[in-house]
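Written below as structure tokens is the structure these notes are about.
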Amino acid sequence: ASDPDPIQDFCIPNPRFGAIRTAHLNILPCKNASEATTDDFVFSGLKAAGNFSETGLATIPVNPSVFPGINTLGMSFVRADLKVGGINPPHYHPRATEIAYVVQGSVYSGFVDSSNRVFAKVIEQGEVMVFPRGLVHFMMNVGEKPATIYANLNSQNPGLQKIPTAIFGSGINEEL
Amino acid sequence: ASDPDPIQDFCIPNPRFGAIRTAHLNILPCKNASEATTDDFVFSGLKAAGNFSETGLATIPVNPSVFPGINTLGMSFVRADLKVGGINPPHYHPRATEIAYVVQGSVYSGFVDSSNRVFAKVIEQGEVMVFPRGLVHFMMNVGEKPATIYANLNSQNPGLQKIPTAIFGSGINEEL
Amino acid sequence: ASDPDPIQDFCIPNPRFGAIRTAHLNILPCKNASEATTDDFVFSGLKAAGNFSETGLATIPVNPSVFPGINTLGMSFVRADLKVGGINPPHYHPRATEIAYVVQGSVYSGFVDSSNRVFAKVIEQGEVMVFPRGLVHFMMNVGEKPATIYANLNSQNPGLQKIPTAIFGSGINEEL
Amino acid sequence: ASDPDPIQDFCIPNPRFGAIRTAHLNILPCKNASEATTDDFVFSGLKAAGNFSETGLATIPVNPSVFPGINTLGMSFVRADLKVGGINPPHYHPRATEIAYVVQGSVYSGFVDSSNRVFAKVIEQGEVMVFPRGLVHFMMNVGEKPATIYANLNSQNPGLQKIPTAIFGSGINEEL
Amino acid sequence: ASDPDPIQDFCIPNPRFGAIRTAHLNILPCKNASEATTDDFVFSGLKAAGNFSETGLATIPVNPSVFPGINTLGMSFVRADLKVGGINPPHYHPRATEIAYVVQGSVYSGFVDSSNRVFAKVIEQGEVMVFPRGLVHFMMNVGEKPATIYANLNSQNPGLQKIPTAIFGSGINEEL
Amino acid sequence: ASDPDPIQDFCIPNPRFGAIRTAHLNILPCKNASEATTDDFVFSGLKAAGNFSETGLATIPVNPSVFPGINTLGMSFVRADLKVGGINPPHYHPRATEIAYVVQGSVYSGFVDSSNRVFAKVIEQGEVMVFPRGLVHFMMNVGEKPATIYANLNSQNPGLQKIPTAIFGSGINEEL
């Protein structure tokens, strides 16, 4: 994956250095290993959906800023909920492959490869779909009840670029 | 992570080369990209538990030999079910970090770091625990109903070394 | 960069294995090093522009399939020509950073970061702009004569996903 | 190997930042290259055995905290001495392959692969054995005089997890 | 390439930490992404040749210390000008492959592989030659007018070791 | 290090594919893991010196072509013997750091960094010196008895470029 390999067992970010956290991802100082606790390695914030957007999507992205135990380990994850008819619009992650697991519901889900070919189908509870690194993908709840997705990505900072916003909301089109 | 980065969008193993598949993981020839189908990227085999072992554990490990679409993408995953009182004995994955998500149940779950310190606690449905790469970890169903875990690993071939067997079943101890 | 490091001086693809070349980038067998010639390491096909598209863009992408000497070395490059008013539409390379050098002309050039902020300006002959890996970027010839760009990328197979086509030409929108 | 590649010739840790050394391996600030001396790159502390443990083992592990010149270069090494009958108990290094060279003596030496198969035999002075990354290995002096091993590992922080202690000394077994 | 992959979109070095810049390449703190400007990603200092050495060579090496936008992105570049008869003496870059593009002129250009075989020929305006990572290479202007080369390297700190100086200027030979 | 990480426990080259071995290092097919034997992981060919060159140097380089068990594991090693006054002339390894251990004797040993500074001194039996990746280094036996060096490198194919030959024996100088 995109991330460097860990060179120690783990590296719990030291809260005394919290001020520089968001801007300096790759130099997060670690707490002394002896100060790490079991709770640093357990995340309990996925039990309910997050706040819904206009398109009927709620996401809880989990990275080292909210779950310190995964720092330097090359992974992050997300819970996504979709209302009936809700959409996770086309977007891509520049630095990670994503493996999405349907916890409940029925979603039309797909991605586009470098030759602009679309790979998409409806996936159901218990099914898994992979979105290769850097490729545009999307989801839509086509079932009759809410859908919940639990997805893992193989970078602690996969990045997220939303396609429609990038093109229409950024002022590029007016100029081009 | 341990795996090399992908150097193309994806690489669906070509079944005409199936005979060399298991022994030669890193030289799996790819199908022509135009022959890939959506079904290559969707896995439907996790809907029910696998077969249970003597310790009350059933696992369905998912890697490129059963899910071709993840080949070269640096991830694999597994469904693990534990009967009441069932145990996933101490083991480690030499080549991957694991992120375990409790789909249902209540499991005593933990790992041991390089200084032999144990990080363990009971985690419940909807909670997540991380096992850093190469460290011994274990699980035990301490609830009153079956438990199901869905775990992701950031290597397509993480490896699995079971500790008790390694020590007691391998003939080392007799000689030492 | 995304590519694995070379583990020998070079690896000129062996033409006897040409049939599997395009589909199997990562297992190109090498010629014996003693059969390599100086011409394997020199590329002479950039002296004139390529064929122009409807948007006034002509590109000559150079990768190991046309320039064997760069195989396994982690780089590729491209000559891009833009007619007056010509456009290189928004696109991104999933596996490489790009450094673009203006050989002649005046181009409005930019990229969009993960927070959808645009970084763009007009760059002139002799100037250089960098497009970080995986981020959408674009160019438009805003001068009064043709423009020529010479760009390097730090992967031998950077990938190319064109944004407008991906969204409008792929059938996603009709369904969403 | 597990370590990131060096991005400068070398990086001698700066003693003025010594306080954060042990906890923050990956952010060791370097001395200015012009302040490096030849002695930074030579290690003289292997001439005699270290202190012996209860099992008859003495080790001198050499990493950047005692040999600054190897910092960022992706290697470390160790001298191990075994009394007659002495044992280096089963352990593994999560982040490195080890190549062991017998300086003197005769040792029963082996490792266990992921399928729990043991590869072991007696090796003599001048012989070399490799222990692949992340696999459990062990040694026992089966000769009639002391044994000395000089081993190299391809990480500056390979990690060390002792199997018997991990399982029996950590309290896991009592709970399981 | 040799450099670690980026783990964020970009990392513009923060001038408030300028004092530690040259000595500590791998821990350059980033500016907050929101403070980055378009000019951070454009370099305008290649429009004229640099200062000429005794051998008739002028180089302008461009790395993050002069072009902050390429920091962490795994590339750097250089403009080299050669007077008529000017020489870029044998040297190598320990950490990068180089792709040289002849902007103008006619240069005898070559490299030496690990078996001491020379690959060399005269290359002209618009031609490109690749020098694989770590191999000795050189150039000489054999045309009748000045030559300009624009070269890219796939590391932000490729290193430069000049062979004649290393051997003759360093005092090794006197002692050997 | 330069080599990709292993993605399985080990990969013993399959002798049935021996014909393509030397030319195609990175696609060595593996034997089935169950066919591996303990002897694949033990090397016994270092007990005596190799054949001496004109400069009084004898080397036994050990890589996967003679020691199959180290294939894909990212390391190789060498025994070097120097007669009294013998010289290992200036050379470098493009793809590996080297750690040299003096088994017996007294050698003047050193390397040259990218700024052409020499780091050199006499090292004795039991001492260790590190030569960072890609930097020119050399040795000379300045003692009164033969010297033996045992050195490890963190690549299975580190490469070897001899400086004097490269410059004087290759025809570059005549042309330059």
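Going in written order, the chains are labelled A, B, C, D, E and F, and every chain counts its residues from 1.
Everything below uses one rule, namely that a residue touches a chain if its C-beta (ideal position, glycine included) is under 8 Å from a C-beta of that chain, and two chains touch if they have at least 3 such contacts.
Everything quoted here is computed from the prediction, not taken from an experiment.
Trainee: What's the farthest chain from chain A if centres are computed as the mean of the Cα atoms?
Mentor: It is F whose centre lies farthest from that of chain A.
Trainee: Pick from B-D, C-E or B-C: which interface has over half of its contact pairs in common with B-F?
Mentor: B-C
Trainee: With chain centres set to the mean of the C-alpha atoms, which chain is at the far end from chain E?
Mentor: Looking at centroid distances, B is the chain farthest away.
Trainee: What is the distance, in whole Å, between the centres of chain D and chain E, each centre taken as the mean of its C-alpha atoms?
Mentor: Chain centres of chain D and chain E, defined by C-alpha means, are spaced 37 Å apart.
Trainee: How many Å are there between the centre of chain A and the centre of chain F, using C-alpha atoms for each centre?
Mentor: 44
Trainee: Between chain E and chain F, what is the gap in Å from one C-alpha centre to the other?
Mentor: Spacing between the chain centres: roughly 28 Å.
Trainee: Do you know which chain D residues sit against two or more other chains?
Mentor: 2-6, 9, 27, 33, 94-95, 110, 113-114, 117, 120, 133, 135, 159, in rising order.
Trainee: Where on chain E is chain D touching in the complex?
Mentor: For this pair, the touching residues of chain E are 2-4, 20, 22-27, 94-95, 155-157, 159.
Trainee: Quick check: in the complex, which residue numbers of chain E touch chain A?
Mentor: By the definition above, chain E touches chain A via 4-9, 11, 27, 29-33, 72.
Trainee: Contact residues on chain C for chain A in the complex?
Mentor: Of all residues in chain C, those touching chain A are 2, 87, 89-90, 92, 94-95, 108, 110, 112-114, 116-118, 120, 133-136, 138, 140, 159-167, 169-172, 175-176.
Trainee: With touch defined as at the start, can you tell me which chain C residues reach chain E in the complex?
Mentor: Chain C reaches chain E through residues 1-3, 5-6, 9-10, 33-34, 36-44, 46-47, 62, 67, 69-70, 73-75, 77, 97, 99, 101, 103, 110-111, 113-115, 117, 119-121, 123, 125-133, 135, 150, 152, 154.
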